[in-house]
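Next come two complexes built around subunit A: one with subunit B, the other with subunit C.
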Partner chain A sequence: MNKKSQFDTTKELLLWIPRIILIVIVVGTVFYIVTIPIRKNFEINELHQNILRQRFVYSENCMAYKENKIYPGIVDIKKFEKENLEKCFQSNKIGVTLNLMNNTLKTIKINEKIAEKDIFCIDKKHFSCTNYTYYVLIKNEIIEPGLLNIHMVKTK
Partner chain B sequence: MKKGEEALTFVFSMIFIMVILFLFFSLFLIDSITKRDYAIKQIDNGNANINLINYLRTPIKKDYTIYDLIIDSYYNEEYNELEKETSNIFNKIYNKELCPLWNLKGKVNNNKFFEYESEFDIRKYTLTPNPRGNIFLLTTSNRIYPKSFSLELKFPDLDKNSTIVLTEGCIINE
Partner chain C sequence: MHKANALLEKQLIWTFYLILAVIIYFMLQNSISEKSFFEEYLVKEIGLTIDTLYSSPGDIQLEFYYLRDVNLIVKKNNLEVKYLTKSFPKIYPLTTDKNYDELNEELRFNNATLKITRNNNKLIFESYENE
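Entry: the complex of A and B
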């Protein structure tokens, strides 16, 4: 290789540097823009539990009292049975503890193994928990007021 | 290649590598800064609320509910029983650990005719004059999200336009 061709090669190499930098910037920008929507991590565990919880009090298949029409929020005591609630809940990933309180306390656990992990709810990294109390009317022989506490536990 | 040229190429190569490394480092840095976790924790299901509906249809005696008591209280201007029943019910539902705030207001033609609320005073925790439109900071990780629900009440006087509004504030861990 003579001196001129050596000089040309070096010059060509040096000229490639800004080109490569530009390519890196362009590729990086494209990569960054493309991954923006992917980087959004939506946490919907609580929303999911919120919707499932409402099913208990709104659905006639769960515990809403029905006589000609459905009365959301009025608990039909005959429907407050483990078998019926398991059938209506239809999820095996969330543990639920239902406490129906008026003069007595009646407790039902769905997906018991998960529901019993409620002591770990302080660990928010691995568990998602919700707890809400409804003021309900309980239809037995007569209608009487009571409280329905629904505690849900889900492992993330 | 002469020694001088080699040295020059080496210096530029080093600068080039440093620029590349810096660019990648910057990209990862920007990436980590903008990475966010979003959470949808609850939705509003219209203005209906089981607690409010059940409060209104709570029987006090035979064929006489809280709804009737509200109307009677309004016409007789006697609110003691209403206050007692209301506080009894809502203090049971909203406990201090989970939902410390409740506020119930009745209005006729936009004029308030009764208002009862929890002992927990939300105004101590808000920095703005509108306590119901904000998120309240209690501690560094707990917040109270207030939600309002309203229902229209039918009065015997059809010209009376009445509403009842329940605001509840439950603690949500961030």
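Entry: the complex of A and C
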């Protein structure tokens, strides 16, 4: 192999680098465009968070008051503890801020690292957030009305 | 000699393009096929159901009929659904409740029904063949 042909081969090899990059970009774009309708059809973030949110109010392991039977919608103040709520809600992708209000305001954060990222909720591509307030009854010494605000931050 | 090299190079390039086209075709077919669509649907449907069962204030039993050629794995915090003919499963990250027994199930459905029972902080997965 003479010097000229060696140079040609090297040049050709170097030309392959941008070609391969371009091919990867084109393939990626085509794949992304074709799969857009499929991904859109299966967007379940809001439904998912709606279902998970109800766990706090309906499940006896979370906050629902129990005496002989379970009373969904009545919050047992003794169960409104960080340790208990972290046990009944195990997720690596969702952070939750719970605010329980009657005369005083109590706040608990589950998965604090994600829950505190709520300022990024404007980034719809990477985060999905919901905020909902329930009218609840709070069982302390007596049963009194109150509000339970649940703010969820989910990383996509 | 130089001409022969150029010809060989051209042949290699065209072979590469051909292989690439075949790979893209199969990738697209794999991701937009009916099976893939159903797999995606099924993993989300069962995943959301399991998440709902954790919220249930009482015992409950649910059934999914006529599951064909599907493999279902519930392990740690993930639900995996895979068609027997496919290589990679679809994954749904579950939001579990630590008061429940840890999930560890692997079920295979040829033409069967999936029965999920929530019973006293326990989720039980069963499959039985359709008649």
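Everything that follows uses one rule, which is that the second predicted complex is superposed on the first by the 115 of 156 C-alpha atoms of A that agree within 3 Å, B and C clash if a C-alpha of one lies under 4 Å from a C-alpha of the other, contacts with A are read in each partner's own complex, and residues count from 1 in each chain.
As a working rule, a contact is a pair of C-beta atoms (placed from the backbone, for glycine too) under 8 Å apart; a residue touches a chain by one contact, two chains touch by 3 or more.
Just so it is clear, the structure is predicted and the values come from calculations on it, not from any experiment.
Residue contacts after overlaying the shared chain place A:Asn61 against subunit C, while subunit B stays out of touching range. In the superposed model, A:Tyr132 makes contact with subunit B only, not with subunit C. Of the two partner chains placed around the shared chain by superposition, subunit B and subunit C are both touched by A:Thr35. When both complexes are overlaid on chain A, the residue A:Asp118 reaches neither subunit B nor subunit C.
Of the two partner chains, subunit B and subunit C are each touched by A:Ile44. Subunit A is touched at more residues by one of its partners, and among subunit B and subunit C that partner is B. When the two complexes are overlaid on their common chain A, residue A:Ile21 makes contact with subunit B while staying clear of subunit C. In the superposed pair of complexes, A:Pro72 makes contact with subunit B and with subunit C alike. Of the two partner chains, subunit B is the only one that A:Thr10 touches; subunit C does not reach it.
When the two complexes are laid over each other on chain A, subunit A has residues 31, 35, 42, 44, 47, 51, 54, 72 in contact with both subunit B and subunit C. Those residues of subunit C lying in contact with subunit A across their complex are 1-2, 5, 9, 20, 24, 27-28, 31-32, 36-37, 40-41, 44, 48, 51-52, 54-58, 77, 93, 95-99, 121. Within the complex, the subunit A residues that touch subunit B are 6-7, 10, 13-14, 17, 20-21, 24-25, 28, 31-32, 35-36, 39-44, 46-47, 50-51, 54, 57, 72-74, 124, 131-137, 143-145, 147. Note for the complex: subunit A touches subunit C at residues 5, 8, 12, 23, 27, 30-31, 34-35, 38, 42, 44, 47-48, 51-52, 54-55, 58-61, 64, 70, 72, 87-94.
By the touch criterion stated above, subunit B contacts subunit A in their complex at residues 1-2, 5, 8-9, 12, 15-16, 19-20, 23-24, 27, 30-31, 34-43, 45, 50-51, 53-55, 57-59, 89, 92-95, 98-99, 170, 172-173.
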